[in-house]
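The two complexes that follow have subunit A in common; it is paired with subunit B in the first and with subunit C in the second.
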Partner chain A sequence: MNADQVNAYLAPLRDRYPESRALILPALKYAQTEKGWLDLEDLEAVAEATGLTSAYVESVASFYDRLYLRPTGRRIVSVCVTLSCMLRGSDQLYARLCDLEGLPPEGGTSEDGGVTIQTAQCLGYCDKAPCVQVDVDETEGPVLPDEAEEFLAKVRAAAQPTEVWR
Partner chain B sequence: MTDYAPVDLERGEQVEFDLNGRRVHAPPGTMLVDAAHANGVEIPIFCYEPRIGPPLGACRMCLVEVEGMRGLQTACSTPVSQDMVVHTKSDLAVDGQDGVLELILANHPLDCPVCDKGGECPLQDRTFRFGPGDSRFLEHKRHFPKPLDLSSLIALDRERCISCFRCVRFSQEVAEDGLLTFQERGGDSEITTFTGGAYEGRFTGNIVDICPVGALTSIPYRFVARPWDVTNTESVCGTCPVGCNVELTTREGRVQRVSGREDPNWIHEEGWLCDKCRYAFPAAWSPDRLTTPLIRDGGTTREVSIEEAVAAASVLLARENARPGIVVGPEATVEEGFLAQKIAAASGDAPIQQLGIPAATLAPIRALPPAELADLDGAPLIVEVGGDPANQQAIVELRIRKALRHGARLVMVGSRPHALTGLGEWHETAPGQIAETVGRLADDIKGTEGVIFVWDEQSLAQEPDAVPVLAELMAEVENAKQLELGAHINGAGLRALGLPADGVLEAAEAGDIGTLVCLLADPLSAPGASRWDAALGKTGPLVVIATHASELTDAANVVIPASMATEHEGTLVSMNGRAQRLRPGQEPPDGAAPGWQILVAIAHRLHTDVARSPSTILRTAVTERSALTGLSYKEMGRLGMRLRRPSPASANGAHAPREPAGEGLRLVTTRRIFGDGFAARSDALEHVRQPADVVISPAEASRLGLEDGDRARLVSEHGECVLPVRVSEAHQDGVAFAAVGVPGAGVERLLPADDGPVRVQLSRA
Partner chain C sequence: MPIRNIVYRHLEHGGDLTALSDYEASGGWKALETATAHMERDDVLYALHRSVLRGRGGAGFPMGRKASFIPKDAEKPVYVVCNADESEPGTFKDRAIMEHNPFQLLEGIALAGYAIRSRHGYIYIRGEYEHQARALDRALEAAYSAGHLGPDAHGPGEPFDITLHRGAGAYICGEETGLLESLEGKRGQPRLKPPFPAVAGLWESPTLINNVETLASVPPIIEHGADWWAQMGTEKSTGVKIFSVSGHVMRPGNYEIVLHDTSLRELIYDICGGFRPGRDFKACWVGGSSVPVLTKEHLDVALDYESLQAAGTFLGSAGCIVMDDSECIVRATLRLAEFYRHESCGKCSPCREGTMWMVKLLDRLVNGEGRPEDVDLLLKVSGRIQGRVLCALADGAVAPIASAVHLFPDEFAEVARNGSPPPTPMIESTAGAAA
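The block that comes next holds the complex of A and B.
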């Protein structure tokens, strides 16, 4: 993505966000739609369009779990690890998912680029703990640790969404 | 570092407020932390650093209770107002501060015994004075692999970082290099650079000074000393003409660290240093440091004691038909310059000169009111004429950046693009055209009051026709001030002594010099090197008093090793006329002595009566040189004093527009920030030093058949040298750009002795 594209997207928003720092998030979100993650060029484009430094833009992007600074898998699986889900075994679910995809305990992207596994904070589905969200689809739950294999198979089988806002 | 901003409780509007039950006052708008500090109450802070800019409120350490306001307030970002009632020690405030400190310490490792910051650490000190003294956290602290090299100069220990953002804000908002950033969040937060590369720049060392914990440490100082076994000496940098105040940290007789020393009101300094100033000191131990006095006599070289060398030099000066000449270098102190003058006078009024720029033409500008660096802060308009402050007077660059953040307008006239040219109105001017460009801008500039003119000594000396134009313009602007970008470290001090910038060379060429004494001067690596080289063939014995080996010392009959700026007492006058004291942080190596001691010893052997200590030498100089009137070590104190009288007008200097002879491109020179003098000899700066090159525009490159990376031979009417070529879009046609001062590069050989304009022919080497 280049600065002109980002600028074109931001043009109608500029009145709503008079402070340029406030434009970073919409700009980053938009830049990520291209390939599902942000490379240095994207960060520089956003920096140019918002008039902030690239370093600052990167710093903001790194703060948010759903802005990716490394290539992601075709689907992204976010496992809630906040209290309710944790009490219902989400840590075991998470460990199991990582294990099945051959990933280290901190998660990451599977070797074949199929899925990215990451943790998430409370998804607001505490009543369905432990819960999981795939990309930005409706959160599902409960997904019990021993259902992990089945769950992954379903995720891998489903078609990748055409709109990649994650 | 005080950490708090200066507050004027005496002058101007004041508001009254209650501070811990006491009625006090401060100017409206002052942040509570500063107002409290000025009134003797310490509110603990970590992220607040008023020199960086507006407060951020990142650490929450400064919580205080303000009656009528909900919850606790961050005192660093709450301005005082009339009748505010503030409690910094109430139960509520203390509870808040305790909680924050406990949280900050939750992840901070307890490795103080092996941390360089221990003993001078704001976190350690404030944990001692504030906070609960205990922690309820039982969890493991976060761990990162131990230190990472942020650059060849700075190590980062991420475990110790308390996420105060000071370093990031310095990088983004003060140096404006845009490199440092925070990544991730919460317990995973870490400092890194945008690209993941090294944090390199001109001002990086400052982040070590401002880090309130031991997360950022200086690699040359790592594990070298603890604060309780060092002594700190207040001195002056002595590596460039700005003359920043520094503190030398000495352990076991060696200077181990140079750090910034702000003046309380930030008039001269804010305590920031450039990396050249901070990391040049290891030049004291570079392999080419002179440590053994030598006498060369008819092909044999003898290592001798310093007394013998001094005796031999004196004999060469006093013998019949000695016809001495003395050349004084830009690093010589006022005291040394004065002693050299005394020796010259005692040797039958021998010719004496400094290696500087002939000054006569610049007098009309110098006569106008001089600016302090702080004048830049609030200037509505800064007009910069010539120069390259980023490489030659780096702190000026930083201060101009600050002025721009405060809303100043910046107009620049010059031929060499530099670090600031993208930040203001850049009027690229062909060499020789300054008068015309300034004339064209005059009407626009005239309308503004309080303009600061920042002008480059060398550029204007090269274009004498621009001087009256600029001087007239300055005179027309109300409350204008001028800030000289001087070319030489103690150029202003030597000028105040009345030392001309010519005379010895001409006499030497005429065969009128017998014994030639070079005092901290290396004419073979100064402008006019080729002429000096030839002239040395016509002089007699050569006596060299120098700190480092060079071609000149290799050819000398007597070599007397001298001390560096970190090793002696003396006075340096900064480019804008502020006289300041050098104080030694270490002894010179065995076999070397302070320059003034060497000169006193020579003078005594010549039966000349001179004072025997730097302070008394200065006292005599003051009575004999009117430009120094009022100067004394006592008056200079910690922060120096401004020279009150003008320097004597020197007779030399060209007055007409000077069109250089010959064919080819005009040569425009600058320096490299880490490339000359002591910086070039410091191993600490090895990885950030840039090699010499010649920069030309793409059009010139294709005309000359040269490409990036080629080696080009540069030939002027004075001499020649060979340099790698760099092709740059940003540079104008018709000009070649090169740096002087880089050892071995030889650009000086191309230049006339007065550092005047010159043309060079380029061809593939």
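The block that comes next holds the complex of A and C.
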């Protein structure tokens, strides 16, 4: 993404903040919607639009779990493994998902680049444990280990959103 | 012990209050109208004070007292910040407010802003809650169109704006000064206190930070009066409180109850349906994961701030995680330790290194590679963290670990000898109660 596009997105937000530095997170999140992760060009575009250096922008971006500085799969599947979900089978669900995608226990991106499977910390849907979030779509649950295959099929069949919010 | 629907006004109404007309029809925005037309700003502040409404985000500090720390003659702009980061394990009560009753939150923020002479509020919402953020976007648009927010929100020519700001995945951005750093466009690492946010917060301006539920409690308090709120509960635990219950109970969900009226046993067994046949209560983290664990002995404790403190724990965020006797306490404790290791922001070495060591030791125990001395070592490591760090994340990490070692000594000793038994999770599609 280039600085003009980021600027156009930020224009209506600017008068909401006394300092343009505060626009970094909105800008990074928007810049990431193009391909689902941030490369150097994206960081530079955000830096230009917010008046900061790209080194600074990168140091901010690297702090947040949902900003990706490396290529990812087309969709990111985040499986909550915090206590309430663990008590209801999140580890078994996660293992099954990795298995089905031929991934090691640490997760990662499937060979065809279709999905990235990762663990997540409490998603705030503990009443629906074990729960899973695809990109920033509404978190779903309970997704039982036996339903893993069906779940992945659904994720893969869904149309790729034009803006990939994560 | 009955369920109340005061903060969850949508449940009283019998359906979502996401359309402005529905919220208005259920009495919405009346509190703000009455306050701005008939009450001085200090009267609103005083009402908050007298209600003894305590912060619902975790620390339980009285909101009125915090608001009164905001200087009345500040030269800089004054801000209200709503903490919608909701990332404490086991906590999902704010999610339902934002999704089903968003206007009550906006009205509460506007009222808090009126009380402290602020013209601008920010809501900082965790990035994972995009679904809820969009509900708030729609509510904001409708509230602006109707003039509840904007140039005349606090009376003719008295503006109040609310801006929604999305996070991007970091538990520490729920800590109030980490949140402010993040909102300013920095890494979300906590600041040294003092100065407290009320004196120098967002852009070094006086800032009132409150949790979603705290702020959503303000409209009913202004509408029905501080005395009405304060006569519920006890002197120090007033009003209603939402408990998020999850884990092994049959009916997980959000339940709004009057403080002190319900015991932990009633919450777990009567309201949440207890456990699967053949299973029994074993442990519970009542206030989210950052609190000491409770055992069977504590089941009759009343759910209020003082009683829980007397029982050795905290009400915290009221994210009540319940575990039955099918799970090993050491494995559960390890899982919490892993959470804190992942979420430590790394600024203080005792927290960064300590959470790493606690995970290593617990992991060793669970996997049958531990030694009996490891249990003592775990306590030693945890003892070296507290008091040497910048923020309360580290205390929150130590609390569930140290308390588990103290309350389940036999199980820790057994696991140190033989490792944890294989996990047997509860795999059932019992969905949460509607909230």
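In this text, the second predicted complex is superposed on the first by the 166 of 166 C-alpha atoms of A that agree within 3 Å, B and C clash if a C-alpha of one lies under 4 Å from a C-alpha of the other, contacts with A are read in each partner's own complex, and residues count from 1 in each chain.
The rule is simple: a residue touches a chain if its C-beta (ideal position, glycine included) is under 8 Å from a C-beta of that chain, and two chains touch if they have at least 3 such contacts.
Fair warning: this is a prediction, and the values are worked out from it, not measured in the lab.
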Fit or clash between subunit C and subunit B when superposed on subunit A: clash
Partner chain(s) touched by A:40 [first = subunit B, second = subunit C, both, neither]: first
Contacts of A:11 with subunit B and subunit C, given as first, second, both or neither: neither
Which superposed partner A:54 touches (first subunit B, second subunit C, both, neither): first
Partner chain(s) touched by A:63 [first = subunit B, second = subunit C, both, neither]: both
Partner chain(s) touched by A:126 [first = subunit B, second = subunit C, both, neither]: second
Touching partner for A:158 - first (subunit B), second (subunit C), both, neither: neither
Touch count on subunit A, higher of subunit B and subunit C: C
Subunit A positions touched by subunit B in one structure and by subunit C in the second: 59, 63
Complex contact set, residues of subunit A against subunit B: 40, 53-56, 58-59, 62-63
Complex contacts: residues of subunit A adjacent to subunit C: 16-19, 21-26, 28-29, 50, 52, 59-60, 63-67, 78, 81-84, 86-92, 120-129, 133, 136-139, 142, 144-145, 165-166
Interfacial residue positions of subunit C with respect to subunit A in the complex: 77, 86-92, 94-95, 126-131, 161, 163, 165-171, 182-189, 203, 244-248, 252-254, 285, 289, 319, 321, 323, 327, 332, 335-336, 339, 342-343, 345, 423, 425-433
Touching residues on subunit B, where the partner in the complex is subunit A: 168, 171-172, 178-185, 193-195
